[in-house]
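Next up: the structures, one after another.
In what comes next, chain A is part of two complexes: it sits with chain B in the first one and with chain C in the second one.
Here is the complex of A and B:
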């Protein structure tokens, strides 16, 4: 066994273990902040797996999108609303846990069966390596153009939805002055808002 | 000093080949020789980065003193040149305090997560045609994606400190980092579009030919301004040092940190500043390029371009030019720090989202149009 292949094997083992254990931690840990940080670790390890598969562009995109954007936003949301309150215990927690455990075990068994019965072509197709960036670009602007554009429409819809949710006072005006409510940042000092819906 | 893939190097000096040949001459197998070679470029760059920080700290002290008409450090070595070392030693020997109600694990992991991506990003900084650790194909994109890991470390540090100032500082740092990353990436994208490659070496190669006239700053003046502003914001330098605004937040996310963990933040921010300056010089100021075309000068002397002596001289010029450009930018950043006041948080976010982002999009569009109209000047 050469140095390169043994290094690859070690990296693969470590990364897979981190992905599996980290993902379990995300689900099982009671502290939601730990779950969110572990999720970042899982995303990073998946990026590492992509690197092992010679897909460096996908790995970098994974880090940028999932770790840099998704996970940071999750953390933001958690930290901005992180109230220390003890939630009241749900009745029948044991049964619920048992049931969800059973569902997960069933799903795991199904996936295992699929993984073992599928005739995987080994070794897989030849990796393109550094050419991958160009190939991805070509695909995105030829045969995958429609899904690519649809994804952007989806993101636009999500963005508009988020704006509407965040600015519920869009149709409101200040009662005292009758002027439209200020949409400024919360940190700005201003008179307290007395808002009501205009008809 | 040839670090890159030897297959790319056709002739001339190849340090990797001579090093491995030497070790194989001592009776080692090719694999073991290669394994011994691998850490050398990495260690060299790591040492360079840390020495760069020491120089940076000294410059910051001296220049700020000059701006305020003080003398600055002068007893530690000639001109106070050993002052950064003294600072480092002081931090090393300080007690490592973890606040009583803090989350010890996350508290320790935070600074590490801030520092490691910055150091990893040095992977793609070229000091010469073959003078970089790895000419990876995703190049500059690797830096962008690695720098997006940093906010997680900041949030972690802010949360784990169990201190309201720390948490606010961490949230501010992450918000700032996210909002300035987008115009930054768009500015980089315009450069990448002109050089048809993400690789930092290709980006510099595209700026050679006519010396100073072919540098990207003439073709991308708007992109240069956007990139520089965003880089300052990403480094949390004044006028964008809101995450650690003393009057409002004590010291932001680093409030509870002392000793070596504080030093990691300190180191991270200075390494990031040097790295950003290096990348500005790579993207817009011709990287290792001399203001006059080197080939032209070599041609005047009548030497072949791949003679060992010529190669050593051009490589040295390349390193000197890269570092010189970077430190000119660092000098500029330090002057800015002591000249302009801090912006408010709403001004900061307005500037990022309502000004830089649209400008960066327009810049990208104009670059694409110019590339189609004048492929000879804007990379066909």
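Here is the complex of A and C:
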């Protein structure tokens, strides 16, 4: 075993341990702020795994998009909606957790069986290694040109849709009554529109 | 089955890691009460799929690396999904004043 291969093994072991434990923490930790920061750690470790697979461009995209955009967006959402509320107890919650855990364990066993019994055609063709970025560029501007352009349309639609969904009404007066409209922040208390009739 | 340590990371190790990540995400998706945590679980599942695509691209499709192109598209769609999902969450929070998934039941019978 050479130094390079053992270093690769050690890196993979450490990164996958961080990914697995971090994912469990994201799901199980009671404080959601810790979950969000752990999620950033998981994203960074996944980017490290991509570097191990010789995919520097995808690793950079992972860091920029997931850690830089998605994780920050999630943190902002937590800051906007993080109200301490005691969740009402649900009957049969423990049974539900156990049952769904059993289903997920079964899915995990199935996936592992597929992964370890399928005769994968490894080793495949020689990996391109450092030329991966050039190949991705060639793909994006030749045979994947249509999905590439559609992705830009999708991003535009998502951006406009997010703005329309998340913005507050900017009218200064209520149309029906003529009274000044409430321009406060989300945290400010006001009469909610669709509260349940029970409380 | 030989129990010796392999000299390189096998493809199955990546697949097993992705399976762990995906199942954790599914469990969190089902059991989370907080709506933000549900969105985080979805991101975990998308990352598991990305790891699978990248591993297959590197081990089985080393010359054309179509898996990496797919991963780029999945990352794009995941970013759009996160933006729209969190906007929906904010809108829900404004109207219901809660993030409890059990109380988002307006469309239930």
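Here is the rule we go by: the second predicted complex is superposed on the first by the 165 of 199 C-alpha atoms of A that agree within 3 Å, B and C clash if a C-alpha of one lies under 4 Å from a C-alpha of the other, contacts with A are read in each partner's own complex, and residues count from 1 in each chain.
Throughout what follows, a residue touches a chain if its C-beta (ideal position, glycine included) is under 8 Å from a C-beta of that chain, and two chains touch if they have at least 3 such contacts.
Here the structure is a predicted model, which is why all the values come from computation and not from measurement.
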First (chain B), second (chain C), both or neither touched by A:61: both
Partner chain(s) touched by A:130 [first = chain B, second = chain C, both, neither]: first
Superposition-derived comparison: chain B or chain C, residues of chain A touched: C
First (chain B), second (chain C), both or neither touched by A:80: both
Partner chain in contact with A:3 - chain B first, chain C second, else both or neither: first
Chain B versus chain C as contact partner of A:102, first or second or both or neither: neither
Touching partner for A:40 - first (chain B), second (chain C), both, neither: first
Which superposed partner A:14 touches (first chain B, second chain C, both, neither): neither
Touched partner set for A:72, first chain B, second chain C, both or neither: first
Which of chain B and chain C A:115 touches, first, second, both or neither: second
Doubly contacted residues of chain A, that is, touched by chain B and again by chain C: 57, 61, 69, 76, 80, 132
Sites on chain A touched by chain B in the complex: 2-3, 33, 37, 40, 44, 56-57, 60-61, 63-64, 67-69, 71-72, 75-76, 79-80, 129-133, 184-185, 187-188
Chain A partner contacts - residues on chain B that touch it in the complex: 31, 34-35, 106, 136-138, 141-142, 144-146, 148-149, 151-152, 155-156, 158-159, 167, 170-171, 174-175, 178, 181, 198, 345-346, 349
Complex contacts: residues of chain A adjacent to chain C: 1, 5, 8-9, 12, 16, 19-20, 23-24, 26-27, 32, 35-36, 39, 42-43, 46, 49-50, 52-55, 57-58, 61-62, 65-66, 69-70, 73-74, 76-78, 80-81, 83, 85, 87-88, 90, 96-97, 100-101, 104-105, 107-108, 111-112, 115-116, 120-128, 132, 135-136, 139-140, 144, 147, 151, 154-155, 157-159, 161-163, 165-166, 168, 186, 192-196
Residues on chain C engaged by chain A in the complex (per definition of touch): 5-17, 19-28, 30-37, 39-41, 43-44, 47, 50-51, 54-55, 57-66, 68-69, 71-73, 75-84, 86-91, 93-100, 102-103, 106
